[in-house]
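Take a look at the structures below.
Shared between the two complexes below is chain A, which pairs with chain B and chain C, respectively.
Moving on to the complex of A and B:
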């Protein structure tokens, strides 16, 4: 199987495109994580559950006879309030504590969210059929489902809107100020409590958008949130905090790398390949950092 | 005085403990009731199938009790099941098995849902020499460990899809075929894979794709792109409900044309309901189908079971419910043949089971698996506008209620 790629070189194009569109969805989730990690210094283990919750909103639209694509509008609105609610209930109590406490707290939220979704929505795997067609390219040898294309575009548009909002709006400035130095921002009159709540809300809203896309492109199940948490965590680690272009690039890069390793190494190695890459990047980073430190001395 | 009080309390608690222990050890048969124990996934990720299992058990208990119960030594006994929720967690399942046996004094067990949980409970029941009749653990490894007290009414996992390979070879004029496989990396799916490997060897067929899908994956685009490039004669997929849904969704989206698509877990995934016409022509392995013509005295036949189950629970019984009901029929039969409540005698009677139920023939091999009931394959067939899709049994030929549509029409013609 290893040489299939040479017999059918078009597979490489297919792999790259699949990787890119999936990577974009993951990148959006990762951007939310980077945002609240940067601002509040909290690693949100429940990120994936927020995605799945957002997905279920789109799914219920679909069940109600409304096209699930409208989920990308409704889901972020509902999820924003869910995010603010979670912040007010739990996160505001751990926001100044050390990282370990916040990991434990969000881990707890993730388990609770899984069980609640299981209780409320049932343990069946569901899909929201978008009914979009398929784009055929290169004499039908490369196919791209429109649902994936739609999801990728939605994610790109939301990311652009968010960047503009963060740059231009008052809240965006306040968020950035808080991220740089919460104490100084507070002294200068920024209500950091509000900023934190809004940041967590925005993160949840981003997850909601991604979730609605996931509902249309993949499948939903209350317990499938973890891969999204892990992926976004990886993307953020590779890209660094507060660096949106890097998040987008590393998201897409990871997606493509994953698809390629599927073709070149075999499906059973794709996740192993991704994690090996993570280890290599982390080791390399440490190396570079160590060198820099020496230089500074 | 204080000392006296302490001694008295110690004595009293010791006495209570003793009484509690002795009373529970008689709990296996209380008056005219035979108590069976079961840990079922009522919450957690297996909860939908857990509920199917419980409904199947309950329907059979009710039916057997209302038809006179179990006759042992000339006296009629009723079945009763003690349930616990194992939360779809194998550690919890093993604990609960221990609890059912040690604390509740249960002497006869029914299986949980899924191979994984059955695997967790079997060592416990084996340790205490408590017979367990299970209906939802098909993994081959359950039957190779030499368990003496484990009996499964269902066909083992390696037999799930090898019928499909035989069918593909038959349709290819007896010539070997090219097989593409995509299996999730879990115990059950990998057992199904082993079955396919055996079938490929037997028919001299060639495996052209052998993908092992990571558990967390819900994207099969890479595998399907390979299928498009290699053009196999048959594509075999097993990855529980998620795998079945993902495969059908992405095959339709990517317009993958493959002459035969065979899968597991279609009815659990409610394929025809969730995907409608997209799922059409998919072949699905099933332990049971209502149109099969097996009969027994309690549920009569598949169609009657289907109707009775619908009446009781408001939905059509998936095979998980049917096999669970069959487990109770096996117990009743074994108790009556053993004519005793001694666990060893009941176990020996279970080992000699040879009966027909509405669910199929049941006869246990040495490892405890049921070898006398073949798997069936059904095909999803829709009406012309796709508004109604039905599962029709197409293989083995003996049970077929419809002709197999083969090869699957290409997407450009659908």
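Moving on to the complex of A and C:
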């Protein structure tokens, strides 16, 4: 058998390790998407642009001579306000409308954000070099950059903090109540408008953290946002809304799938593989449900 | 003579004479006809059937690639052609060009139609936003895959066959494609106008209004959904084939499978004009084209910013579109009979 998959087992181990680590970053973005989808019932196509925007904040810290790792602290704060701003301008007008309206409106925001970032930051591919070393494993045949490990731990920690916050705090309770039944929450005195704004802000902040990690581990470019949206959408439909362990597992699974297809098919088909996988998963689920005369809701 | 006949006659005369009245705008007008086809075929899904698709761009790109590849491949080696890039060492003679174009356009119509039929069975079972996102992914995946295939030029793209010089000047070429795209737009309009007036149109509307109910009334909804998509794919594929020639160059993600431009344009045009109406997408396409050309000319560089703002504004504040607004304002003109007493009663209730 002359398949690439059997030729270099160590490279496959490498791809798997990379995939697991970057999958955690995808899972964080997907958690933000699950949050806003569950609470506000909107699908945000501009999710990926929020990630890239957060990444540029870390990049500018790097340019200014500050270590980009501080980006994971600064960029969620800035992105929270960006998110609230986007909510106040556009999202609050589409919240209780048809889902397609929100898809199209956020598609518009995505095009707008891409173009504005292109003006502001230029069309070059940039990376914020973290200067962390690399970790050698298995007789130096598998390389794990410390920046990836750092990013993964940051994402795990922020997810844990968020879960605790959602469980304990008053705002978290209000968000969960709104997700269960917005009308009932309103009657019982929850300011749903504020809850929605906060949810979108938290989502943007999560994207900001993920973006800062992306800036350190991958590259940034104004037009590369859409794959992050599709990835998070895919993770959410596999894992379901509000199932955090499943989100983490399917995020890592997606990461591994991506690294493998990158290695086996070639880098030029990496994005194509992600997008095709989404189509395949949706069609598979549709046929599975059609046997019970149901459809994806 | 009634008003409608006058309107149709006027539009057709305008179209036929347009190439000579506005010789400088021939290219723009042929572009407009392509946009009209895209908007009207999007409306078959988005407006009449209630399936908001981002994926019709798939058939546009496939048609574009198929048409040129067939036209080249019939007489030359396709791989050598794309390797040569911009160098025009291969030149079609006049009969070769037209034979190739005819076969190419036929293939550009048939193959997307078949593809729509095959993938439609899987994808049209999805509903609502799942359908929208799935088709969005489909279009982008197609663009990325086309960008990785060597024989059609990979990410570099390919040139389309040049117009045979011994047949006529470049002026004649733009007139030829002007009438080709005009003919396509007229055919699309006529076919859809006829289709909407039959049982087919009624079934599409029934699917939009309540698919489960339509199915329980004994309609095989899946069959109608697939046929609807195949009709769209047929015309969009042809439009793609012609667009390749108007443009003169094919590139995978910016022109052929251009999700952020044509893929969104078609949705936007239909919504701007008023989706679910016969005339809406046409009117929307004309307005959108004027707007777009204005911006592309006077605010070059800011056009995508304007596009993003336009999408948000239309979707948020103007989702019914122009025809919807007119219908609200002058219901009588749309053949709706209003019972004054009933209307007053409703107003009082409010």
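Methods note: the second predicted complex is superposed on the first by the 250 of 297 C-alpha atoms of A that agree within 3 Å, B and C clash if a C-alpha of one lies under 4 Å from a C-alpha of the other, contacts with A are read in each partner's own complex, and residues count from 1 in each chain.
Note that contacts are C-beta pairs under 8 Å (C-beta built on N, C-alpha and C of every residue); 3 or more make two chains touch, one makes a residue touch a chain.
What you are looking at is a predicted structure, and each value in this text was computed from that prediction instead of being measured.
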Chain B versus chain C as contact partner of A:136, first or second or both or neither: first
First, second, both or neither for A:218, with chain B first and chain C second: first
First (chain B), second (chain C), both or neither touched by A:95: neither
Which of chain B and chain C A:115 touches, first, second, both or neither: both
Partner chain in contact with A:61 - chain B first, chain C second, else both or neither: neither
Which of chain B and chain C A:123 touches, first, second, both or neither: first
First, second, both or neither for A:28, with chain B first and chain C second: neither
Partner chain(s) touched by A:226 [first = chain B, second = chain C, both, neither]: both
Chain B versus chain C as contact partner of A:268, first or second or both or neither: both
Contact residues common to both interfaces of chain A (with chain B and with chain C): 115, 226, 266, 268, 271
Chain B residues within the chain A interface of the complex: 43-49, 182, 185, 209-214, 216-219, 221-223, 225-226, 228-230, 240-242, 245-246, 249-250, 253-255, 269-270, 274-275, 278
Complex interface listing, chain C residues touching chain A: 52, 122-123, 125-130, 132-134, 136-138, 140-141, 144-145, 147-148, 154-155, 260, 264, 267, 271, 302, 304-305, 307-312, 315-317, 319
Touching residues (chain side chain A, partner chain C) in the complex: 43, 90, 93-94, 97, 99-101, 103-105, 107-116, 226, 230, 233, 237, 266, 268-269, 271-272, 275-276, 278-279, 282-283, 286-287, 290, 295-297
Interfacial residue positions of chain A with respect to chain B in the complex: 1, 4, 7-8, 10-11, 14-15, 18, 22, 115, 118-119, 122-127, 129, 134, 136, 140-141, 143, 145, 147, 218-219, 221-224, 226-227, 259, 262-263, 266-268, 270-271
